Amino acid sequence: MSAAPKPMPTFDVDAARADFDILSRTVYGKRLAYLDSGASAQKPRVVLDAMRDFASRDYANVHRGVHFLSGAATDAYEAARETVRKFMNAASVDEIVFTKGGTEAINLVSYAFLAPRIQPGDEIVLTVMEHHSNIVPWHFLRERQGAVLRWVDVRDDGSLDIEAFDAAITAKTKLVAVTHMSNVLGTVTPLKEIVARAHAKGVPVLADGCQGAVHEIVDVQALDIDFYALTGHKIYGPTGIGALYAKKAHLKAMCPFNGGGEMIREVSQDRITYADPPARFEAGTPPIIESVGLAAAMDYLNGFDRAAVAAHEHDLLAYARDAVRELNWLRVIGDAPGKGAILSFEAEGMHAHDLATILDREGVAVRAGHHCAQPLMERFAVVSTSRASFALYNTRTDVDQLVAALHKARQILV
Amino acid sequence: MSAAPKPMPTFDVDAARADFDILSRTVYGKRLAYLDSGASAQKPRVVLDAMRDFASRDYANVHRGVHFLSGAATDAYEAARETVRKFMNAASVDEIVFTKGGTEAINLVSYAFLAPRIQPGDEIVLTVMEHHSNIVPWHFLRERQGAVLRWVDVRDDGSLDIEAFDAAITAKTKLVAVTHMSNVLGTVTPLKEIVARAHAKGVPVLADGCQGAVHEIVDVQALDIDFYALTGHKIYGPTGIGALYAKKAHLKAMCPFNGGGEMIREVSQDRITYADPPARFEAGTPPIIESVGLAAAMDYLNGFDRAAVAAHEHDLLAYARDAVRELNWLRVIGDAPGKGAILSFEAEGMHAHDLATILDREGVAVRAGHHCAQPLMERFAVVSTSRASFALYNTRTDVDQLVAALHKARQILV
Amino acid sequence: MDNSLRELYQEVILDHSRHPRHSGVLANATHKADGYNPLCGDRVTVYLALDEAGKVADIKFQGKGCAISQASASLMTDLLLGRSKEDAEKLMQGFLHLVKGEDAAGLSADDREILDVMSGLSEFPMRVKCATLAWHTFKSAVEGGEAAKTE
Amino acid sequence: MDNSLRELYQEVILDHSRHPRHSGVLANATHKADGYNPLCGDRVTVYLALDEAGKVADIKFQGKGCAISQASASLMTDLLLGRSKEDAEKLMQGFLHLVKGEDAAGLSADDREILDVMSGLSEFPMRVKCATLAWHTFKSAVEGGEAAKTE
């Protein structure tokens, strides 16, 4: 008996689209071409169903209860933690901390890990393409504790120069904070190489995976990375939740961040001791219903052949890149090899906001502005850009609609 | 024509119960008597519907987009802020900061308002009945900055002695942090009087309204209070969201807490300026879907005659109090005049966890433990208590079921 | 093509945005303010020369931004030249009402006719702040020059 | 009345919890550890006297807690007296499997018969930690006395 040949990975985008009710709505009577998933992704019905079913059947507060619903809710919450662990291939669920989002995950590292270790003059290495969420927490340490920010430039095509990066890591470096995938350029950074270089100098690495976790396979053990932050709402999950992976040794050594219920061991009037990780970092009632939604979203995404989804997204990007290549009034910003499915551009004679307004009336949702990446805008000497970002549910029709709308905008504005 | 007499406030509990699907489920084949709303309330269908409808029709990220869905989402998010403003009768929406929950709301005050103002020896006045969420942030300031915690005792019946409270406020006091309603004793504190006494000495007041906002009418202007924290999940809303009211002058003077997108004005490599409140305190993507749920929950609650709901809850408490009065093996902890609908007790010869397990098998969900209020446990010399907490959807049948189950537990355990 | 778009980006607006009137620095300015819209990064600086009577003797602006914000600034400088502070304030209120689609009865018939080219904005609530940035900046210049912004 | 409840709170358990064996302080203890369950506040201290061969020559416990945790501690001390460290470790593993409703084949027939009174716990997963607190504390006493807890 001969084995059947392994089928080619396939991805049925029309079937996937049917999972998202919002995609079949119209705006101003036009078909919706939602090209703003980089800001936030839409949520499939299974995610919304999971949250609603849980909330209307098994809901209670977690952890401290011994009654049935409290047990059911605790089981659901901890099962979600296991789902996140598996999604990132962490060694242990104790290395997964639920947060309110990607921003809080990074702030947690800043407040609970780095701040107590920073002396004036200590350096933090980051790139000019970071999102404000991976910039501002480090500015705090500069303002409050005299840390020095060492900015690594990107090349003109948006790619990272690993040698320049390496050179920025010195004996004074206390942390490398780098995006896994730029939300403006689409650049995917060589995390494994970065971690190797940083570790060779004894420096821990935090990856901002808010975009990367959506489009790349994350394996924190293979990366040997110290911290990895992701957010629920970009990965087809709910708002109000994110997660931080951190190596157990780091978590154990970290001081608490928010104080409140669940994160203590014992409290008296004049003494306090703290719970072990991850509870130590989850003060108060956590995003319980959202954890169920996040797990459903990760299950949904992993229900596809991830390589096929990635191929689909890259195909869209290539198709869009080709379509705009012939528009000599349009300048694409970010063309790094292997980049993710994000297309940022400037259009001659058209301000990004005017352009976005006109695209909007054609049903095309793009983001216009600085995309919470002002240092990157400065680097490319622009005030703002327009950005089309692709998700698994986008199609070539979306791209065609975008290109047609670009032409209309030019008709009106130029 | 003579005016019709004003109808008595009425509250139809059976109609209300029908709004909560979970209440009609069974556990172990028994009718569910959910008496754990103090830990977290169940959510009516309108709340779950509002979130789901929004997420499947109008969802996008807020604020920075100019496209249709982004506008719709921003409108919904800011409308929710207005709903919260109205709910607390704040003067301006700019005084409402969305947080991830009640715990984060209090931590925000600790990190962004109090921490920069604390010198060693400065005092924070709080009561022994505070929840850990209104204790641990102040312990941080003790551990990290040498603040002194001044604990105000409660009387044996759980009531607050305003004179003792007043005496604890000195020239060294930098903040009064007090619960609006105790989650263990049910005690409702005289906030207006407390604020008057504290302000007479120039001291700002923070109220932990996580329980109070559910059962009392909150009017921050009438109270003249400085900070008021509430949480979504106890007020029939979703997890993952809470809100802080703070006077505009305080917010303006506060430093940022979490850093990230949306909370900045301008960021460059070596300079940063921050946005005005409330944006300054809402780093990253906020709990957008949850804000819609919270607004729906507040609308739901305010759709009732609040006085009638309060009367219903107080009736349940009185009914339960009477029922257990005759059980000479049961000691109620907390009997303050005017207290809210929470009944904590110790049962002779029965540990709270054993008791809760048995009640659970009878369909009765109560909380057992220290209720995140260890200093209060110490005050009443108990390790843990059992707690039945009542919400608008509870009935005398729930109480009867509780009392019957208590008898069964005694049969088994004693 | 969408009519409301045609109305928003009508020729007068585009012309103002491409060839802004009163653009540049005012050397003899008595008042000045910077405006900034953190949502899109648009900037405008408004320079004023107020005479003793509190009249706008001269006005100029410099800025970078979308067509709406540039056109609005250009139109504004055109309109404000020669006005008293009080008049300018009334004009501004009228303008704010107009772009939000509210009752702009406070505007004179002449002003209304000129500003009418911006009334299409009421269909684009997300762009109103682009149009009001220059006006808010003018106001803060008059009031002493704290940085203005629209968020 | 619920059968699984009757089984959980059967007479042997209640008797152990009301009249714990080996309760008190061990004056000549060679090892000692404190256990704490932060979820409910239950505490237990386990005192051990290990002889040169690594055998439990004497054992006592002191604690405050629910019927399950007290009974479990009492039963444990009964069983561990006279055992070698290795035996104790095996017994503990078997017990952990038993209360979780997993295969406890590692237990000898005699031990199994004694511990069987706690097998009802497998129906009460939220209470398993009450039963394992004393055992974890015993283990940390043997290993040198870091505070144990079950969360």
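In this document, chain identifiers A, B, C and D correspond to the written order of the chains, with residue numbering beginning at 1 in each.
One rule holds in what follows: contacts are C-beta pairs under 8 Å (C-beta built on N, C-alpha and C of every residue); 3 or more make two chains touch, one makes a residue touch a chain.
As the structure is a computational prediction, the values presented were derived from the model and not from experiment.
J.: How short can a chain-to-chain path be from chain B to chain D, counted in steps between touching chains?
T.: Step count on the best path from chain B to chain D: 1.
J.: Between chain A and chain C, what is the gap in Å from one C-alpha centre to the other?
T.: 39
J.: Roughly how many whole angstrom separate the Cα centroids of chain B and chain C?
T.: Here chain B and chain C have centroids separated by 46 Å.
J.: Distance between chain A and chain B based on Cα centroids, please, to the nearest Å.
T.: Result: the chain centres lie 31 Å from each other.
J.: Take the average of all CA coordinates in chain C, do the same for chain D, and state the distance between these two points in whole angstrom.
T.: 78
J.: Please set out, as single numbers or ranges, the residues of chain D touching at least two other chains.
T.: 39, 126-127 - these are the residues of chain D that touch more than one other chain.
J.: Going by the touch rule set out above, which residues of chain A reach two or more other chains?
T.: 28, 64-66, 70, 264, 266, 353, 357, 368-369, 374
J.: Thinking of each chain as a vertex joined to the chains it touches, would you call that graph a line, ring, star, complete, or other?
T.: Its topology fits none of the listed shapes; call it other.
J.: Chain pairs that touch, all of them, please.
T.: Chains touch in the following pairs: A-B, A-C, A-D, B-C, B-D.
J.: Provide the residue numbers of chain B that touch chain D in the complex, in ascending order.
T.: 28, 351-354, 357-358, 361-362, 368-370, 374, 377, 383-384, 408, 411-413
J.: Inside the complex, what are the residues of chain B that reach chain C?
T.: Chain B reaches chain C through residues 63-66, 70-71, 74, 264-266, 275-276, 279.
J.: Show me the residue ranges of chain C that touch chain B in the complex, using the header's touch definition.
T.: 36, 38-39, 125-127, 149, 151
J.: How about chain A: which of its residues touch chain B in the complex?
T.: 20-22, 25, 27-28, 32, 34, 36, 39-40, 42-43, 45, 48, 51-52, 55-61, 64-70, 100-104, 106-107, 110, 128, 131-133, 135-137, 139-140, 143, 149, 151, 231, 233, 238-241, 256, 258-264, 266-270, 272, 283-290, 353, 356-357, 359-360, 364-369, 371-372, 374-375, 378
J.: Given the complex with chain B, which residues does chain D contribute to the contact?
T.: Those in contact with chain B are residues 1-2, 4-6, 8-9, 14, 39-42, 64-68, 124, 126-127, 130.
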